[in-house]
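Paired with chain B in one complex and with chain C in the other, chain A is shared by the two complexes that follow.
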Partner chain A sequence: MNINVTDRVGASHIEYLRQKLPHAVLEERWQTDKQVTVTVKLNQLPEAVSTLYYGREGWLSVVVGNDERSLNDSFGLYYVLSMEGEEKCHVVVHAAVPSDNEEFPSVTPKVPGCVWGEREIRDMYGLRPVGLPDERRLVLPDDWPEGLHPLRKDSMDYRLRPQPTSDNENYQFRNDAAGETTVVPLGPLHITSDEPGHFRLFVDGEDIIDADYRMFYVHRGMEKLAETRMGYNEVTFLADRVCGICGYAHSVAYASSVENALGIIVPQRAQAIRSLLLETERLHSHMLNLGLVCHFVGFDSGFMQFFRVREKAMTLAEMLTGARKTYAINLIGGVRRDILGEQRTKTLQLVAELREDVQRLLEMLLATPNFGPRVAAVGLLDRKIARDYSPVGPLVRGSGFKRDTRVDHAFAGYKNVNLGVHTGDGCDVLSRTMVRAAEIFDSLSLIEQLLDNTPEGPIINEDFVYKPYQFALGFTEAPRGEDIHWSMTGDNQKLYRWRCRASTYANWPVLRYMLRGNTVSDAPLIVGSIDPCYSCTDRVTVVDVKKETSKTIPYKEIERYCRERKDSPLK
Partner chain B sequence: MFKLLKEVFRTGEATVKYPFAPLEISKDFRGKPEHTAEQCIACGACTIACPANALAMETDVAAGTRTWSISYARCIFCARCEEVCPTQAIKLTPDFELAVTNKADLTVKAVFKLADCVCCGEPFAPAKEIAYVTALIEATSVTSADGTTAAVSEDTERRRRMLATCPSCKRVNDLVQIARITDQQEKRR
Partner chain C sequence: MKMDTPADIKRMKSSLLSNIRRSAYVYRVDCGGCNGCEIEIFAAITPIFDAERFGIKVVASPRHADILLFTGAVTRAMRMPALRAYEAAPDPKIVVSYGACGCSGGIFHDLYCVWGGTDQVVPVDVYIPGCPPTPPATIYGFAVALGLLDQKLKAKTHIEGEGEQAGIAHPAVPYNVRIHIEREARRMAGYRQGRDIADRFLGMLQIPGDLPLQQRVETFAAAETDPRLAEIYLQIGETLQHPELRP
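Up next, the complex of A and B:
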């Protein structure tokens, strides 16, 4: 749009779309040389998305809704497709929903992967997807008032907490089993999958026939918060906190979305530093997951060994950024900290140590008899299901698809490094684990490559001005898969819209199919294999309703009681 | 099994003695921000840059004070405050042991006096900020002085007076001045 585009990649996709659907395309706008937004007629939206999805090897990244009534009297729908065939680029299919007719034809019957995105738009904007097979709420709680759609610009202040409308749980869990089944509830806070998600397993004996789940118990309203309270630079720090494990990937995705929208050129050195830190983050995240795999198969000594070695990756992050987890390194236009000679030397030393340590631990894990046979052929992700739902990261790579944003859409410093994509063909928990193990060594090698020829020069570009209503995508490959952000700038030094899609969001919808046909005891293992993020509660508050007193019991006390089983802290 | 045992013996003791022995942390670790009130001019740059709203500034016109405060409970240790501070009054230290027994102890405050406007006498900006800017202007006018000393000091004096005037008085003064200029132009005709 505002960029002098010389080499446009992806023009053939638009040509193809124009041929297949002669009168559908209304407008095409290029955000960068590899990003195009095509506006199509609303009634041809499903055909347009499915034509690109199945006809041109498109994968659905995210569905974005936007309240553009103050700009053009309509709601915007953006279906972001990552084109991974011949011409690798991003094509965004856009359609406008007029503000006086709040419905649009659902794409889900043609492309099943759109289901979560369309359910979310229904919740957040009150637009009805006509023909959507699943019209239950996704993001909003069951006791949220009808007709209050938080992301509409005129709906509510971000600080408002509406009164719950009901005391009962009224979410309908779906069971497609033909025969009679028993319900096994898991969560909202289950011990082995600490994530607040509620799972309903429909079982016949020990076998899972079907499964359904409810997420978003901890929806934090970050998008609304960013739009209403924070400036552009401040949101990079908020994005750092989207995930407790791979937050930096979000920070980079957000920053690059704004940089793409405004055509800001980020210095090469800053790009390299971003990539280097993303790999540091991948190191600790993958080691955490390998540790958890050990834990799930009952090999807790292995878990401890992986966590001991993971500490070196944490030290690396602390040394390079000043914090173990929330790196806080990005600003729009570049990074805040350079990597100095001393840090480079120490990094190379830590990388060498890590390579040896991880190698030894992997040999130990594979030699453990209760690992391989326990995880092989468990939690199968069928290739057809994977193609329909567009999952990301080691999950989809474990089913043989070569999808990796770092390679498909090389961003930041990944343009100048050698990197292959590891895939597995087992489609099971074992394949995913082995993909992650292989990627640890990739990350180590990438860090070395990036340090060996780091471009010289400045680390931040501050020579730009913000222009209102520019939009673009930003993307990264987080340890769990592609993170994708869509940002539109506003006219008040704040974002007009920020859509942040974490990788696990794309992976949840296929979980149902992975759970089917396994036993109840496999469930935590399968959930763990998509590597969802974990949160922990480390103390308990006991409230005595009769005496109206409350008492907080420290974690240590509970742990002691668990071991000794005497002197109860509850008395 | 054998490989695990080998690894365990190879590692030895992995547990560190913390909190009984100090924990080694990186040189540039971003820990507790320390504020030096003597250095601070209460300009408010840090409170605008703070992504977490941990820093706040409150003006009490009746008392003629402005209170700067930091809440360590809200702080995310990003060091944006340190980056934007013009006088290096706030700096991050490697201190990470911030637990307190009383929640109020997590907030640290500094109170600054406001200067009164030379025209209307109402308090309007921190006295230290005005002093800082005045000093800056004086320093620059000395270096750029190529005219007579009298002209320079007259100019500096005029700017000093401008700085000590509150925005609403400035607006009124501007109007008066514009009226005078138009008046003179009328007379010339």
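Up next, the complex of A and C:
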């Protein structure tokens, strides 16, 4: 691996692991001075992950599966841990599953946060996590044939479209409630926002007893696409399209994963430009969320006002990149567009205007009597649940954890700026909203800092060659939290494997716990507060289990109920 | 799998446009988009662009809709929900396919979990291209859908004359120097701005004069008010000292 690594941050974690589990560690490989991959014995994988997770303040970032049969006759499993205790670094726990076995011990019983990652590996590679409490499909659609695992290198062409096995959704929703409950399904189509997702709320009267959801309606097969049709630089533009709101964060995470894997030194100026654009993206995204919060509490003029002001952030992005969305600025090794004096002046002017406008709007929002009391103590994210499931971004910061990739693992231009972490201790919708509000001002200040001390020099480094089978992590703090990418280069000028984990992926599993104990009218507010690229639903069907009747309520009705909280549509 | 429009519905659709006489209601169907399109539709209906001033209103249910707006490449999981939304909207309805992915499947057009663009599932009347389309393009697309404007089509065919040749930019500068300057400018400032900077620098080189190169570059850089541009000019000038570039 990278032989130039001298200063090894995180060696004590490996030492700790060796002490606790004397014979588990087989190999350690350093990708950068703050990234290490330790290979452990497959049967000790759960112990190794949980030892680092709970013993050394590790947080689970992503679980990566990789079909390495052509390299070493095994499937690779990579559990990526972000170490946020004393020595801040990334430790990747790797275990090899022999190709004739196709089973591995599930880590989920010890570290609950692994549940989605392991379900995904089961879908995509057909490896069975033994002991996984939830063996339902996660990523693949309901009409996908059994036994076809898209990411196995030998399973299928990336263009193969098998015939649908059924025309009906047949996902089994889980209800852990003790008594009888009524089912409230929400989605997958909805009006005011974004991704499709289907929710089932299990209610007793007005109270949500449990909730379950089916996501991945928009699974398209990007990771397979990156391995087959695209070269390294093309994937930076594909990564822009992972998410239409925080796509640039993905593009930076992907580019830096390849740069880390190959030891490419990105010019300082390019690093600063990347950070600056990430902050621009955060501005528009946080304002979008604040607008939606206004909408959910029935303060629609606030919603419109936030969108009015948000257009200034869009103008800023358009001026700096040429596009309002999908910036398409990254290449491996640097960026494609400089910030010249004229743009600098305009940016500073827009930043000053935004600061004033947002300040005024926030004062307005906080002075609105139906805001504070409506969102306080709603949608509680318990600190214990947060610790177990490793959520990210303003969601976990609203529960008092100081997790921010920009500070914990300073990347791109964040090494040279002054930045604190805002947290809230209410664990509720209010705390999350206030964290986002504070971060808008941070972003504005960061843009100014970055423009004040922009390093000189070129913006791209083209002096490198691609080497096969190198892998590393790349990470960014997107508006919704940490985005993390794991890339392995191939021998044909294409990626061998690209695993992209969006921030909301880490946040969905805790939503169930946040919904429990609240009322139906709080549901859109809580879902909106994780800022999930999803905010509400088109219609609600109420199924009364006891009476075996069902009744469809228009979406507007449930949203109205969220705002007014009287005349329940369930009656 | 694709649905067809019967003839009587086609006739009703043309009369809908002339007889609508009220606001047009739009229902959004996200068939697997990345949110980029959704967020630009949001921008189009909020105060700065304000599509509602043209009577275009986004509604909450397909049953209220005159126009269905499909975004994103149709994924396997969204095929049935999208068809249900299409069937729920009353006839005659206008279908708009929005964004690069909606129009053709975009970057995802041939993937295993995608059926392609909107027109692979339902008949489409108007396409709004872009990744994502800007709010002005969105409003323009709605106007086309409502028959207020025609689709903008511009075609220009150039027929090459006899002996016609495209001129070389900056012919007085030797080829290898020109290429070098363009590369260096792009390395320093990127593709878009690097081109402009190289043009300006080459323009300076073409002005006749007998001062040594270094001095000319320094004067040129000193006259520039933007410090970053001055830095780039000096950097280009410095690399021109390379022995291979000497005449």
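Heads up, the rule we're going with is that the second predicted complex is superposed on the first by the 526 of 571 C-alpha atoms of A that agree within 3 Å, B and C clash if a C-alpha of one lies under 4 Å from a C-alpha of the other, contacts with A are read in each partner's own complex, and residues count from 1 in each chain.
By definition in this document, contacts are C-beta pairs under 8 Å (C-beta built on N, C-alpha and C of every residue); 3 or more make two chains touch, one makes a residue touch a chain.
Keep in mind the model is a prediction, meaning the values are calculated, not measured.
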Between chain B and chain C, more extensive residue contact with chain A:
C
Looking at A:R336 after the superposition, I want to know if it touches chain B, chain C, both of them or none. Which is it: first, second, both, neither?
both
Using the superposition on chain A described above, determine whether A:G322 touches chain B (first), chain C (second), both, or neither.
both
Go through the superposed model and pick first if A:S301 touches only chain B, second if only chain C, both, or neither.
first
Is A:K224 contacted by the first partner chain B, the second partner chain C, both or neither?
second
Is A:I459 contacted by the first partner chain B, the second partner chain C, both or neither?
second
Touching partner for A:P141 - first (chain B), second (chain C), both, neither
second
Between chain B and chain C, whom does A:H23 touch in the aligned arrangement: first, second, both, or neither?
neither
If you stack the two complexes on chain A, which partner ends up touching A:E363: first (chain B), second (chain C), both, or neither?
first
In the superposed arrangement, does A:L160 touch chain B (first), chain C (second), both or neither?
second
Could you tell me which stretches of chain A are touched by chain B in one complex and by chain C in the other?
237-238, 241, 305, 308, 322, 326, 336-337
Listed in rising order, the residues of chain A that touch chain C in the complex are 140-144, 150, 156-162, 164, 167-169, 188-189, 191-196, 216-222, 224-225, 229, 237-238, 241-245, 247, 288, 304-305, 307-308, 310-311, 314, 322, 324-326, 335-342, 344, 454, 456, 458-460, 462, 533, 538-539, 554-556, 559
For the complex, which residues does chain B have touching chain A?
1-4, 7-8, 11, 14, 25-30, 49, 51-52, 76-80, 83
Considering only the defined contacts, which chain C positions touch chain A in the complex?
27-30, 32-40, 42-43, 46-48, 58-61, 72-73, 75-81, 85, 106-108, 110-115, 131-132, 134, 187-194, 225-229, 231
Flag every residue of chain A that touches chain B in the complex, lowest number first.
230, 233-235, 237-238, 241, 301-302, 305, 308, 315, 318-319, 322-323, 326, 328, 336-337, 360-361, 363-364, 367-369
